[in-house]
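You will see chain A twice below: alongside chain B first, and alongside chain C after that.
Now for the complex of A and B:
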């Protein structure tokens, strides 16, 4: 690992060190109890009954036979849901289907039994009478007036348009215009833990142990569906076996609450891999038509982007994904004219949801591919074109016009990769190709905002207590799903309080204990949650000063004095800073477009070998430079980067969740392939540091942006190797082979 | 059958080894990621060989010596493979980690100084979605240093 320190913080003992992740010692022994490992006395087992058609009408549901199955304790249907609605942004989903079936695998009933086998037998005994309807499976068809409407108001979930400058005029005067349509596929998260949890109802209080990245939202959705007070619902959301966006939404916590209430016993549901494959949210497939114009000097003069997003059956987070995609449509580049039109359409396909990158990878692939093609037509170097157009702090954002903040280090990040030997020596490496394996190198760049964006009310809370003996406990953060977050919070707190790291206890992911902290998403867990932790520590220090203690602080004394005065518990909220420099942006557009004040960036160089007879692509190396502000835990940054790159390789080359007329075809890990230990190329992470004034000790969030350049860097390398334009993902051997055959004819 | 050195008995020969370990013996270190032998999260040692415990019925191995991830650490601390994974940040969500630990232990018992190809081959059946595998490779390499 290389570290380029631009302005490392002066006074840190723990921030900037690769402290091991806190629960690692119990993870490696198998002792850590995940939520799906939990058992409670007298616990029942639940099973979800699902439809096997993607579109239709549920006419009858026969549950009597199921109720008579030995061991079955409860069977619940839509009639048992007090308020049968769900949906974080648009409440357009039933908890349990009572009429229209919109997705293969929609839940229609819940069964609780004394054993898993009893619950399964009960579920199998439920009879459904369904009138099947033709699936709406093409989002373009869905938007036609003749298509059957999946929701009141039609199939257009959201249209988002914006233009800065005059794109048509700019493209008319451009030296080159690249005009092409790009397709991206459905990607499944494949968290190693399929998911599940336990629900309990006791003394009028619900406790739901369920992996969720938005515990506060799960709490309010449970309360809404059961028509109860949110304060009667406690969500414990950690520890879980991976998330990546998949555990951000859905009815699962409500299922647990309904069954626990109906049976008055704890109920556990463990989802199967097949269930998660069929109905779990997925990365949205995009169809993107791009027109990119450059002048003779390689400066981008205009970009026109038209995206159609397959949202699937329910809104979920699709509106937010579309708005994040719009903001990222111009990438990390400056240009005087840009236009975006995006439409999210309801279909009977997989349910589009959050997935690391949140619409940005789907925009980077078309843009980076178009820049490469323009470079070739101008006979210029692609990296040089990027350098000429890269955004600098103080520039207007290309689509919205607000001012890019001072901590955006896109240029330094790009230079770190341009100077990398894999990019510098690409010609020599290419010449050394042997046998059927052609060699190529590609480069791609990306930016992504940290946090929800302006005017979104992005806020994170933290609670801190100093005990009478001076020990410190901090409750903060929505969830831990593998990203070192308690570790990083403890590092921030240790430095803020100037105390040994081991003396700080951190608890995350419990709505009863942690003040509302928003989601473990949007590259905000450290940036926002860490900001709240820092603020709580600063408040504690000021209280300690106020009771008359000076440095060096006697922590026992501090605990006693603050305890005696009732000042031992600190609770603070940290609000994300909105854009302050609007630049050319109209103030009325801020609430509609949610521009970010803080961006991170990442640039990749990829080297690949392509078999000219089979189209097989082997990635040999990827180096990623990442603009992370300050790396609170450098090993954490490297870990996020390396993991993201492998997910990006999957997106680029192999992962493809297939549906036929709304019916999933890739139903298990036998047919849905993700990268294994055999697919890992040489990886390198280059940390480009330099503080962000609004982040804790200068940190920004990076776990998403590092995935964004992987696919376009790989497809650029494929083009360098064998000359084909990859216009759809994944670039499987069949796709690359056909493209090579197309070159010959 | 012996599990982690203790003699145990079972009543349902058709029970999956994974369920027997998790439900009957409360050894939840082995995880179920797929139930079809694709992910390796349920890997345990059966007579020293790494196997997916979701694919084995207890009746098939009634005389076997089974070691799970819980049986690897000694009285004086973590097994060296476990310690290396902690030290090299080779675990993120950790759900695959018990299986990775078990597969690596089996590899090192067979090949104390494995080369990179052998490491990859030994772990190709253990899916990890978080780390990108390189940190795991670094952990194993560190054991030979």
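Now for the complex of A and C:
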């Protein structure tokens, strides 16, 4: 790990320092108790009964035999769900199947037993009579009128279109037009903790301990399904052993609530790895048809993008993923004409959900690959083309036309990589290839918005208490999903209050204690949650001033005076400012397109070796420059970047969740490959600092954007090494080999 | 419930043999049991006091323990048998090599077992032990199909004998990643290369391209006595492709395995 800073600004006391992660010691020693480790007295064990066909009709469900299994305490079916509905954006999913089966592994029943074995035996005793129907497994087929409808209203979940300028005219006049279709695969999150939790029902109150990135949504989903007041549902959502988008939605908390209510005992369900792999949400596969036109000077004149997104059986977050993909379809580039058409289709495949990057990696791969191909046809350097087209603050966003804000440092980020020795010395490195291993270097760039986007009501809250002895406790959200965001919140608070970092206690991930703050997602936890923490601290300081205390603050005195006046508890909400510089964008389009005010960017250089006999690709090094605003915790930025690059290597080279007619084929880690320690190349993070006026101490969110350039940088390097255009992910040995054979013939 | 028996001596093992399934490192068997394989009695052969040493050399043959961890065996070889060492280097992961045994890899009889091709290319033999004493079987006759061997339920593998070799030998694995991947195709070889570049004593074995690890006799015959010129290599890889019958599965298609087996041979000829 190496880190260098471009233009480090004047430091505050804690912000800007690599303060160790809170709880790091108990995480690395394995002492931390995760929610799936929890046990409560008198606790039962739950098992989910699932379908083994991707499409069909559940005709009969025989549960009597299961109820007679020794140790089985409860068996629940759709009839036991008061309001059998689920879905964060579109409520189109049953909690338990009551008719149509739309996905392999759809839940049909829940069993609670005194032991795991009893619950499993009960689950195995349930008989299902199913009328099997042909799976709708190709999203293009799904959109045809002849396809069976998976939902009322057909299989087109959402179509999103927008055009700026006149793309057809621009492409007609372009010096080169790259016209190609790209495919991306289904990707599984593979969290270390597969998932699980405990539910309890006591005195009319539900408590659900289950890792989720979006505790407020779990709370409202449980309340809706059980037809109870959300106030009666408490979600405790941390600590969580990784999520990356996977633990943000779905019926799991409802299952716990239903079983706890039915049995009047605490119930734990721990999902198996195979269960999560087979049934859990996945990164959406995209089919993207791109037409990119450039003039003779390498300036992009127009881009036409047509994307078909396999949403799977239920809407989940697919509409939002499509919207974020549209905004990122033009990448970090400026161009006068751009068009996007995206259609999300229902199928019987894996359910598409949130996954780090949220549709943006699927856009960057086609665009970056097309720019590389255009560069070759123009006989220009790909990095130089990027430089000529990179967005600058004040430019209009290429698709939406709103004005790019002052903190965007795409050009500096690109230059940091262009100046990197791995890019500069690529020709010499390539010449030193030996044996069957050809060498190549690639570069790729990306942008992603921070937060939900304009007109989405992006809001985070913080509650702060000063006690009589002056000590500070902060309850804030979003919670953490493995990154221990409490660390950064405490750094922000320590500087805002000018108190030692260790004196700030931060609590996250509990709907009863933390004000509703939305999701730990959308690269917003620090940007939004840190903003709320800062606002709470500023409010406390102003109250301290109001009770007559001046610097240096006597914190004991402050605690006493504020306590006496009933002012010791601060509760604030921080609202993300929407885009104000609309530029060319029509105001009516803001609530439809949700443009971001703040963007981060990342640029990667990748060096790879490709075996000319087998098509194997080994990544030798990836350097990532990241435009993160102020790095509140530089080691945290590096950690996010390195982890993202590994997920990006998986996306680029090996991760491939396969289904045959809707039936998952890769449900274990033997057949679904992710990078191991042996696949980690030399990694480098270059922090390109700036300052975002709407972020806490100038911070922006970066945890997603750093993943986006990895795959296109690697495929560009493969092209440099052996001359093939990788048009689908992953670039497995077989894919690369076939492309090389294609070149020969 | 599974009962685990842990004999301390070979005599105890001979007495117990046949009353349960033999388990060594368990790196395949335990995984299979988690997926539903039913075993009620296991006999652990990793704590036998008078088990053979990890590796000893006698009269041109390296005798490798089939019951010791692959890590121990390779450490003991100390640079000898580079084909075996190369296979061990890419066998699963360090943690698995610290438990898994050569005997277990042979008895599990996967066509993709990475320790098998170098043993077949070396024309190694296995020593099968059991209540009625020891017998010696060529490794390529030990395995009869995927998961099938000539071992009786009361027999186990105690040694493999690998002829020492002065020429070139090696092993290449093509997997989906650099560690912890089941081979898509693997290739092991032994040959002598004269000062003029002619190959003699050519032995080639391939993994994951047929129901068992296979020798490429036709390709061997084409290379024998020849310099590996472009034409000779082409003829050898063409022949090799007629000697294998790979299947397509979730890891790779049959066509790719068929084609890339020749690629591995080209790589072996170019790099060793």
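Simple rule for what comes next: the second predicted complex is superposed on the first by the 733 of 745 C-alpha atoms of A that agree within 3 Å, B and C clash if a C-alpha of one lies under 4 Å from a C-alpha of the other, contacts with A are read in each partner's own complex, and residues count from 1 in each chain.
One rule holds in what follows: a contact is a pair of C-beta atoms (placed from the backbone, for glycine too) under 8 Å apart; a residue touches a chain by one contact, two chains touch by 3 or more.
All of these numbers come straight from a predicted model, not from anything done at the bench.
Of the two partner chains, chain C is the only one that A:658 touches; chain B does not reach it.
Number of chain A residues touched is higher for B, counting chain B against chain C.
After overlaying the two complexes on the shared chain, residue contacts for A:421 are found with neither chain B nor chain C.
Of the two partner chains placed around the shared chain by superposition, chain B and chain C are both touched by A:676. When the two structures are aligned on the shared chain, A:34 is found in touch with chain B, with no touch to chain C. When the shared chain is aligned, no partner comes close enough to touch A:173: not chain B, not chain C. Of the two partner chains, neither chain B nor chain C is touched by A:82.
In the superposed pair of complexes, A:642 makes contact with chain B only, with no contact to chain C. Residue contacts after overlaying the shared chain place A:611 against chain C, while chain B stays out of touching range. By the touch criterion defined above, A:483 lies against chain B but remains apart from chain C after alignment on the C-alpha atoms of chain A.
Within chain A, the residues touching chain B in one complex and chain C in the other are 670, 675-678.
On the side of chain A, the complex with chain C involves touching residues 435-436, 611, 613-616, 618, 653-654, 658, 665-666, 670-671, 673, 675-679, 732-734, 737-738, 741. By the touch criterion stated above, chain C contacts chain A in their complex at residues 93, 174, 176-182, 184, 250-253, 256, 259-260, 263-264, 266-267, 270-271. Those residues of chain B lying in contact with chain A across their complex are 22, 27-36, 38-39, 41, 68-70, 72-73, 78, 82-83, 85-87, 89, 91-98, 101, 119-121, 123-137. Looking at the complex, you find that chain A touches chain B at residues 18, 20-21, 23-25, 27-34, 37, 189-194, 239-244, 270, 272-273, 481-484, 635-636, 638-639, 641-647, 668-670, 674-678, 680, 683.
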